[in-house]
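Common to both upcoming complexes is chain A, partnered first by chain B, then by chain C.
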Partner chain A sequence: MWINMGPQHPMTHGLWNLRVKIEGEIVKEIDPEMGFLHRGIEKISEDRHYNEVITLMDRTCYVAGIAWEHLYIQAAEQALHVTPPARALWIRVLCEEMQRIASHVMWYAAFVQDLGLMSPFLYGMRDRDLLLDHFQSFTGGRLTYEYMRVGGVRNDLPPGTTDRMRKTLDWLMDRFVEYDRLCMGSEIFRKRCDDLGVLKANDCIAYGVTGPMLRSAGVRRDLRKDRPYAIYDQVDFDMAIADSADVTGRYLVRMEEMRQSVRILRQVVDWLDKHPGPVMAPNLPRWLGAPYAPVGREGYLLKRNYPKGVGLSAIEEPHGEANAYVVNEGGEHPYRVKFRSPVYVNLSAAHKYLVGYHVADIPPIMGSVDVCVGEVDR
Partner chain B sequence: MAASTEPKEGPNAAFLIVKPMATAARQFVKSLVRPSTIVYPFERLEDPSFREEVKVESGHPIGVGPIWDNYRGVHALNIATCISCNLCAFSCPDLCIEMVTVPGGDPKHPKKCPQIDYGKCSYCGFCSDACPEGCLSMTTRYELSTPNRSEMIYSPQKLHEVFERKLPMNPIRLERPENEDAIRLDAPLCIGCNACSRDCPTSCITMVDTPKPTAKPGEKLPRRIWKEPVINDSDCVRCGTCISVCPKECLFWGTHP
Partner chain C sequence: MTVQSLYGVAALVAGGIAYLLPFLPPWLVTIIADVVFGAILLAASMINTIVLIWYERKLLGRFMDRRGAMHVGYAGLLQNFADGLKLFRKNTYKPREADSLGFYGGPTAYMVSSLVIFGILPISTGWDNGSLPLSLLLALVIFSFAPLFIFLSAWSSNNKYSLMGGMRSAAQMIAYEVPILIAVVAVVVLSGSFDLTTIVSEQRNYWFALPLFLALIVFVAGMLAEMERIPFDLPEAEAELVEGWNTEYGGMLFAFFMLADYLRALIGSILIVLLFLGGWTLPSYVPAALTSFPLAGIFWFMVKTYLVFGVFVWVRASLPRVRTDQLLRVGWMRMVPLALVSVLIAAAVVAAHCLPVLGCVPGLGS
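Then we have the complex of A and B:
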């Protein structure tokens, strides 16, 4: 019997449909249907100024908006031959790691609620808000930040941010202990999640699965370590690895990643305290700045004069490896923008980790994948 | 660091269930003192008395305080200082800003101020970044719900009402770069039509007479008014209005003088 889990289903965490063929209680076949949230972001980007694409990036993944801003802006800067100042790079890493914690805490809240536990959901949502408060203090937004610009970031951190950040990080470290007590300390949680949704390392590699799912299978692969971008080669942190390849393993990897993110953030705020400086690259072309005044005949000159280029960036997004490809053929708009979404790939291997388990196991398994449909469909 | 899984069967299953229960109980006691949530609409983040009441220790490290002022909410428009330069509408990625006529301008040169459709607005803040006079800025106002879709369109007067409520405004403003590009004139193309000077929102363009050259035998002088625009760079806000109205494309963006 085929049943539809979705498009409106508490398991989906978004808008997609998981068609499941069952025999009794056992899943025999699955068919994920995606595309309900397709907004054509790649195509719209071709009609936007380089900076205006940022507004779309925040809506690509609505729990990790600033990570996607970082991804796009790296590719755009490479295509436009712009080098941002060092302080901007550190602020970007600050944003990305804060976003990683926020995204993982959000995942924790949603995943644990899939298991039927209500209190951890409330704790997770409460603690995520603290990070959103920080984001609001320097970007002005809580979900759609619109913070990064080609050549740097919009504004510097307001005074006192680093001190408040240290306070929050201490507070969060205590909460992580609490999370572990609630989940790993619970026999019910362990019985539910151990040996569930197993995706072995060779399957992960064959399907291109990345992120915490891959690391939970024991594969040492983290772009921040393997191909350090921004300033990740200057901070000290460890890769989070588990070996069980199941739902518990993914939980452990994400929990460890949050602790490592706190470790990175402590180094970043120390650096930012010691190194004041500009956050925007000097001597940017006028048409790359924020007020897009009419260009007049410069529009024609732009196409001829500005050097063309291609930008390719890859970052370790909270869900996995995301890539962006930006083609600059001259002019004010990118000629082509292309994204690789990690969750799209992770979902397409779903039959490997769903078939053979019970129907009641689908919510925890899909919860452990951390689906964000905004970036799947783009 | 490798986070290895612990043994699956704990030594004392009853104890393992007690652990999460004790954690939840501790949170419950904490919440009796002061809940983590804000009891909206009886408490509001922008309310100064509420800001003082909630202390850092109660689960809000920074959630309240002057930092809240950076929030990008509904715009405030000061009609009196708006110069109708059109930059906000031009920089809007959602095309939700329309310049509409407001009373106060002279009939030949009507004053136009932004009207914002909040059904489309994405609150990106590019318009307030672009505003050269600082008359359009984003406030902490966030209550927008309405049963009527047409009420989502805020006229300049309605945006001015938001301004008059003196809400905290986003204090972080973009600084314009020092060596900003300026508008330059390609003199041989100019026909002296006065369009740029007429439409300049800051009146920084003046038309000055240019000497009419004497025609050589057999040569025909171009048919034009013998005047040329002179741009006062210190007053110019770089809105590009002159460039867009110039019929001969003789004005262009050049390097800083």
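Then we have the complex of A and C:
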């Protein structure tokens, strides 16, 4: 019997269709259908100014908007030959790590809700709000930030942010203990998640699966360590690794990542306290249209004179490795923008980790993949 | 016709009946008394069910670090009445291919079969609908009708999710009937009666929860499965089956399912109180002041029932859902042996006549 789980189904966490062939309660065959949320973001980007694409990046992944801004900005800066000041880099990492925690907490909330645990869902949403409050205090947005700019970030942090941040981090560390007690301390949770949705290391590598799914299979691969971008080589943190390759492993990896993110954030906050400075690069070309960019007379570059370039960036997004490719052929708009969505690749291996399990196992397994349909369809 | 005149007509009818009572033949008086008692019972059970939903929402809210319903009425007390009115006003929609008889008959029968049990359960001394010698058995038999009606409505709504939910529901309820009945046998062995009133009065020295703690655990777990509440709510697991067997139901038909679910939750809590927690009585050695005020029996009965239901809410707030095969394995391989052991314990207690600390039960012929 074929059943359609989606496009509107509580399991999907978005807008996609998982067609499942079942015999009794056992999954025999699956057929994921994606593309319901395709908005043509890559094509629209070709028709926008470099800084206008940032708005689209927030819509690409609606739970990790600023990570995608970071991804695009790095590629765009490389293509445009712009070097941001150091403080901007640290603020970007601050944003990305905050977003990683917010995204993982959101994942935790949705994942346990799929297992029928309702209270941690609300705990997760509550704790995520704290981080969103911080985002609001310096970007103005809670979900779509439009904060990063080619050449830096839009504005500096308001005074007192770092102190408030430290308090939030302390509070979050206590909550993570609570999360673990609710999940790993529950025998039913372990029974539901152990040896479920197993995707071994060689399968992960063969299918290009990245992120927490890859690390839960025991592969030491984290772009922040392997190919440090921004200032990740200057902060001290450990890679989160598990070796069970199942849902529990992914849970453990994400939990550990949140703790490591807190560790990174503490260092970033300390650095930001000690090093005030500009957050935008000087001498930006005026046609970039950066509304808050300090544009001096001497920095005025005509676009016909501007050198061409190609930008390629890869970051460890909360869901996995995301790549961006930006081509600057001269002119106000990028000539071509291309993204690699980690979730799309992770989903393409779905038959490896879904077939053979029960229907009731589909929500936790798909929950452990952390699907964000916005970036799958783009 | 204004509301006042409606009241007036009702008072006139009631007064007339009361005036005529001495002149009516006895069988008619019995019928009138039964109808009035039934109406009071129906109203009481429905109001209790709705308050139970409010209680669960508030309690869940506290467990989840929020406040629950707050806006309609004081602390949201009237919220569920408002929700009920909303559901009442909604159009009920039947899928074209659905079978009418099953689609409409299933929820109705489910609701009615749940309501009937309230006619059997005693609430306090003098508040029972006659002392039936086999009332416990009758209540459990009617309680176990439910899988049939759920499966009927699931199958007839012509939806794959509904069908799967109905199958799961039937499998789960039938599997957990067995340990529940065996656990009840332990109670029956200890009290020597199938009559709920007698079972309660046999607990005047100690509650059966003390010697039959195992049976209590089995009974509570079984009741959780019968009520289809988390962690055993897999027939309506919304994550994979949307809403399980009531996916296709909306409006008042959904309200029937919802109400019947909470009715069954209330019945389950009441059965636990009656069988294991002394019903409306407190142990004989508590101060008499606690049990001598007016309606003390009903008061303690309600307190206990709501506390037991609070435990169910607590479980719901803290446990994830289990899987079908795990549920059935636990049912057959853990619950049934535990229930059998508790029957042995009951037999041992009866054989020993008296418990070391708790003393003797007069009914056991000590």
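The criterion applied here is as follows: the second predicted complex is superposed on the first by the 363 of 378 C-alpha atoms of A that agree within 3 Å, B and C clash if a C-alpha of one lies under 4 Å from a C-alpha of the other, contacts with A are read in each partner's own complex, and residues count from 1 in each chain.
The criterion applied here is as follows: contacts are C-beta pairs under 8 Å (C-beta built on N, C-alpha and C of every residue); 3 or more make two chains touch, one makes a residue touch a chain.
Fair warning: this is a prediction, and the values are worked out from it, not measured in the lab.
Of the two partner chains placed around the shared chain by superposition, chain B and chain C are both touched by A:Y123. After overlaying the two complexes on the shared chain, residue contacts for A:T248 are found with chain B alone; chain C is out of touch.
In the superposed model, more residues of chain A are touched by B than by the other of chain B and chain C. Applying the stated contact rule after C-alpha superposition, one finds that A:I188 touches each of chain B and chain C. Once chain A of one complex is fitted onto chain A of the other, the partner contacts of A:V112 are limited to chain C, with no touch recorded for chain B.
In the superposition on chain A, contact is made by A:H9 with chain C only, not with chain B. In the superposition on chain A, A:M1 contacts chain C only, with no contact to chain B. When both complexes are aligned on chain A by C-alpha atoms, chain A residues 119, 123, 126, 182, 186, 188-189 touch chain B in the first and chain C in the second.
Chain B contributes residues 1-6, 8, 10, 13, 16-17, 19-20, 23-24, 27, 36-37, 56, 59-63, 67-68, 70-72, 87, 90-91, 93-94, 122-126, 129-130, 132, 138, 170, 172, 174, 177, 179-181, 238-241, 243-244, 246, 249, 251-253 to its touches with chain A in the complex.
On chain A, the positions that touch chain C within their shared complex are 1, 3, 5, 9-11, 25, 112-119, 122-123, 126, 182, 186, 188-189, 191-192, 358-363.
Listed in rising order, the residues of chain C touching chain A in the complex are 60, 63-66, 160-161, 164, 230-231, 233-234, 237-242, 316-326.
On the side of chain A, the complex with chain B involves touching residues 48-49, 51-52, 54-55, 119, 123, 126, 129-130, 133-134, 136-142, 144, 146, 154-155, 158, 164, 167-168, 171, 178, 181-190, 194, 238-244, 248-249, 252-253, 255-256, 260, 282-284, 286, 289-298.
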